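My structure is below; once you've seen it, I'll send some questions.
Chain lettering (A, B, C, D, E and F) follows the sequence in which the chains are written, and residue indices restart at 1 in each chain.
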């Protein structure tokens, strides 16, 4: 199977998962809170008289383990749904092959 | 080497790691708090008069980087240890090949 | 492209990212808070009369998606920058191939 | 010392202590509201209470106290602005003859904390989207509006006071007024991004910290023992020594009934014993009993509290259904419960206690006469018209002139980082282990030592030192 | 005003202020207990104090106060249920003749907050696994039990009071009683899932927020200045004006010794200066000095506090070793320290102060007579037998009838989400950025603007606006 | 009861209530400091206030109170160590003749909480790197130093008191002294790892919880109403009944101006309305008005508060530029603002109020005479020299002997886990779901049931039970 990982802005977590379910029928995702740094500028922080730049902005990291056949469509669905129209920070997604996918409850291989 | 990743219910984090160490001798794991959505139903939330369904339940994401030879046995150990007997939510695990594994402290390649 | 993942002590997050940017020019990283267990011993905890050993120490998990050509140098940069000189806990890094890397904002493939 | 001096001393102790308890309610609002809003705005929401109490204090010193309690006519006080030391030390003398047996300074202290509470209520409904300068501008405006209305109802000779309107500690003056301005603000600001889906249905935006909300509520309950019993302004009321003890009893019974009512009604109506509704129930009950606390019997206090909780639990979702986004429930909890409390006093006021307090008459239930109820209603209408108009008008003007709502990207990022430059919980958003550049000075003494010894392994410490 | 009226006024100020401080102890328990339990139960554990104080207040108004302080016989008060306004405003008259120089209302207020504290203690040992309705049912039952015992010891003519039992502010009445019910509850509920491994060894289940526990402890210490000094019920005690100041001094010295004792003993015995044990030390010391505060000398207060802390630090693990899961340490901190404090009074009571307070005699140390110690022991045995039996019996019945423990899956999920429908810290479990469907209405005005401008980049704001 | 007894009663009520409010300031410091420091030290930083108030209380009982207020000479009190019951119950008698109309015990209570506040200030600048035992050792030493200086300025016949130094509630005695020791500690400890980059530039080390800092500040503001008004030590001051109400007014006005000043100055100077600077502004203003509160007019209070906030906002970064790492800003907020407040009193003291209070003369502005200003300066110099020398010397010795700073690996790991054995927020660092071994006893009754039923799915509960 294939693992599709995506970094998206936190407001889009639900939207992206909805899009994947609607457009590919895939159900199953694991989400982790993340902070990230990319092309976008970060935030200027001020604390007690010290000004400093932090390159990080809040993001979420999503992992979908999907059928090989679905991979492309999942990626497409994510990329669409993650696009906010903002100037920066929408993130990226990618795929990687995975093997030995086991479903704990049933022990069956997927 | 091989990276074995597993999504398990949080109560099972220690159990799963113990199982891997006992049954394969592998030591070394990185754990991340996650929330996930799978076959299981989520939780119905009620907040100030609004009822809504959240598909997410708390999980933990474990990553083990192991010798190729161990991979299969690690997967088996995880799947067993992660099985709670509950109706849902036990999660899944999978493997993927990794290269250039470097041990920071010594700089040696594993 | 290649995904380089690294587990480092939290104090080194900024240092490692700086090193990667300086030495390879690569910009773009996603960071997740993690706890980990490796060769190092954990911490002895005492709580209300119970003493117990926790194998976990705070770490951070970094993911860089980079050009294949950069992978090796990124790994090298990380390993150097993550080395604290402490007796344990510096962590490890590894690479894995990724495909279908899509940049959400522009939709372009990287 | 004469008897009278001792009495003044006792009165002043009680009033000052009560005022201090009420001042602490700012911490209650700060935590109730921070708890019921999102993590990204926590510092802003909590911190605003420090800011607005500062604004209220300065404005109330300059003009508010004079407008409210300075000698004047039935509409407004005309003396006692930026009072002098002598005016503040004098007891029962112009311009503060209103305070017959405490020094003017004690009167000011007790009244300024009330102004602060009323202003604190305003921001509950405007939470998470108002610009920072609005707290200054509208804070000052509202303090003046508040002062005028408090003159009508509480100053001797105030026009509603002459009708005998019964508002013991301010269900109308403090809570209803605050809620009116809150409503105006919520209407003008519009809902928070994401509060309503495109189907128009309200979405839940859970607050980030229920324990904070609980702490805030318990602090408010605590402070209310200054709010209501302190409004006796002394230790003797209509010949009853320690009447304030009785006021404290009705206050506590109402709050208790409100808590039980809130959680039970939520359990039945919303099908979950919602903790935040239990808290709203307590507050709604306290708001409602505020007008009635000195006038009603214990069982009426229980009833008033329970009904107030029902009103709150039912009204919070209703307000949302009207498309109004009121994150804390100020309109329901302070507004509607305030109306209920004010009217309930007109229903349940005991003739004997009305006489003791020396304001108005017995309620409908006892006298059969609708007079008192009518007066209460008149007050609600008059205050409602005036305060809502004044608040809406001034906020509307501020909005037209400079815009009172933050930019969407600021709202999305959160007010803490976008307006104040730092997250409320920095370590949740940026790595702050040893401070930026921790390792970058790895070649100086200390940090070098640091760089050559083991990570946290208490048991290795000796070895470490050796290194 | 007569002298006596002024005295009543002063007494009432002091008693009401003290009562208000004690009421705030609910916030102390809420945060101590929320801090020492898990994140998944935070809202439930903190919120329960609002709930149970509500229950205690209503029950105490209906029956409790009458049972405890209404005129009656040596076993129970028989008058003053759901009291009338007149009964509450009267001073030193039936049915509340017990309160000779404050109005009945002030007496009620002071006593109801004590009932609330005793009830708050109960839930510490039952934390994280009791069903919600149990708080209502057992809360009401315990309030009645508590009222009976407080009649025995504190009401004029109560049978233990006639023996001269010395329990100044309630080491036995409030804390020991609460701990007895807590023990009964812990035994019937059984340990939390995971508390004991299959080897039977106790596992640590760390609480989730030590700063909360510290705040809770400091609030309790603060409130205890109402608890102990307020129990003088007036400003003059046996001819000593301001005796309550002395009571506050012994209370503070004991608490200080308890904090130092707790951390030092933990350092030595447990080999770590456990912060939670320092806090338990303070509380155990306050519990122990509660009986003694008006009877002993300063050095005895220090000793009593230090020993109480030792007892707590040693007993907390011991209670676990017995297979009892007491998350907050109620049995050790309120129970054993309460026993120690009650007996210590029988040892260290100064004859002069016993005379001043007008209860019992000097302690063994000074009189050489074991009488007082015997009386104290008798009280402990009687109360222990009665309260434990009553609590265990009623909880046992409730458990047989409907089961008092939540389902394992509820316990595992956490009471916040499973019983109340929302996490205590929602953003730790569900994405709550702009609320559900934030983006889904991306085509309405505001949100559209939002959809076409940059994410948080304060410095780009202007540009953004332009967009 | 005689008039005088009633007066003593009223005085004692007021002083004890004020003392209790001041004691609660420990919670304020605990949360202000925990909020402005890092997550890994949260339990330690919050908990230390329990520890140090314990130390201060015991030391102040043994020797401090006697040194400060026992009868003696101009330099030191020589009686009243570990006082007896009779000495504590007596009013206006040796050894505590200093307290003319409250019992010695009430005097002790009021003074010990001040010692506790002064000691609390010390640790702000020493936060996150001092060894635990140092709190014990230096806590005791500082309490003695503090007591001596308070004798000079507050005890009748103290040498600075004889000059007429005006320090109403302790800008110099409490805050400036605390800051001097804090400075000594910060200098000897050196900066936290990572505070300064190798370019020597200061790095920001954001605290972890701004809402905590807000709560701490509001608690301090609340407590300050005991701190300043309570320092009248009674209800009548120079013939003015209820003068403490006036003191409360100036205190509140200054704090308000400080909050507004802090945020506005930060907005202008630092270009961001920094929440933590608003809080520091409030505190700096309260520190400054502490000396002046009984001597100045309302407008002067506003001015003093605003300027104090400016001083704080500007000085916090300046102190850093000197290479001093003061995490909470104690040196700027308590030190420099304390100096400003002490001098401002010499400028703005009203002759009439100086007469009322009965200390010193009118300030430069009114009298044209530099006398009072000179006295204030003299006091600052004398106290500065003595307290800084004593603090630096003793800390230096402790450092040479045993080292007062924790090992770098302890500092890096955090004091909570490394020194106390448990994180302040355990669930952020270790998995604590059902406790260790939750599942490992999966074959015992309960847990077995647990192992065979569904995870949190409230709606499946029945099914679950069936299982």
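The criterion applied here is as follows: contacts are C-beta pairs under 8 Å (C-beta built on N, C-alpha and C of every residue); 3 or more make two chains touch, one makes a residue touch a chain.
All of these numbers come straight from a predicted model, not from anything done at the bench.
Participant: Over half of the contact pairs shared by residue number: find the pair among A-E, C-E or B-F that meets that against B-D.
Facilitator: The chain pair with the recurring interface is C-E.
Participant: Looking only at C-beta pairs that count as contacts, which pair of chains has more of them, C-E or A-E?
Facilitator: A-E
Participant: Using only Cα atoms, superpose subunit A on subunit B and state the rotation angle in degrees, rounded to the nearest 5.
Facilitator: My answer is 120 degrees for the C-alpha fit.
Participant: From the mean C-alpha coordinate of subunit C to that of subunit D, what's the distance rounded to whole Å?
Facilitator: 48
Participant: I'd like the Å distance between the centres of subunit D and subunit F, where a centre is the mean of that chain's Cα atoms.
Facilitator: Inter-chain centre distance comes to 28 Å.
Participant: Would you kindly tell me how far, in whole Å, the mean C-alpha position of subunit D lies from that of subunit A?
Facilitator: Their C-alpha centroids are separated by 42 Å.
Participant: Among all residues of subunit D, which ones touch two or more of the remaining chains?
Facilitator: Expected reply: 3, 6, 10, 13, 17, 194, 203-204, 206, 272, 274, 276, 409, 412-413, 417, 420-422, 426, 430-431, 433-434, 436-440, 453-458, 460.
Participant: Can you tell me which residues of subunit B touch two or more of the remaining chains?
Facilitator: 11, 31-33, 35, 43-47, 51-52, 56, 84, 86, 88-89, 96
Participant: How are the chains arranged in terms of who touches whom: line, ring, star, complete or other?
Facilitator: Graph shape, chains as nodes and touching pairs as edges: complete.
Participant: Considering only the defined contacts, which subunit C positions touch subunit F in the complex?
Facilitator: 11, 35, 43-47, 51-52, 54, 56, 58, 86
Participant: If we count contacts the way the header does, which residues on subunit A are in touch with subunit B in the complex?
Facilitator: The contact residues of subunit A facing subunit B are 1, 3, 17, 27-33, 63, 65, 96-105, 107, 110.
Participant: Across the complex, what residues on subunit A touch subunit C?
Facilitator: Within the complex, subunit A contacts subunit C at residues 4-8, 32-39, 55-56, 59, 61, 71-72, 75, 78-80, 82-84, 86, 88-96.
Participant: Please name which positions on subunit D make contact with subunit F in the complex.
Facilitator: So the residues of subunit D in touch with subunit F come to 1, 3, 5-6, 8-13, 15-17, 19-20, 23-24, 26-27, 30-31, 34, 42-44, 46-47, 49-51, 53-58, 61, 82-85, 88-89, 91, 102-103, 105-106, 108-109, 112, 132, 212, 416, 419-427, 430, 432-444, 446-447, 449-450, 453-458, 460-461, 464-465.
Participant: Hey, which residues of subunit E end up touching subunit C in the complex?
Facilitator: Listed in rising order, the residues of subunit E that touch subunit C are 202-204, 206, 270-272, 274, 276-277, 313, 316-317, 320, 329.
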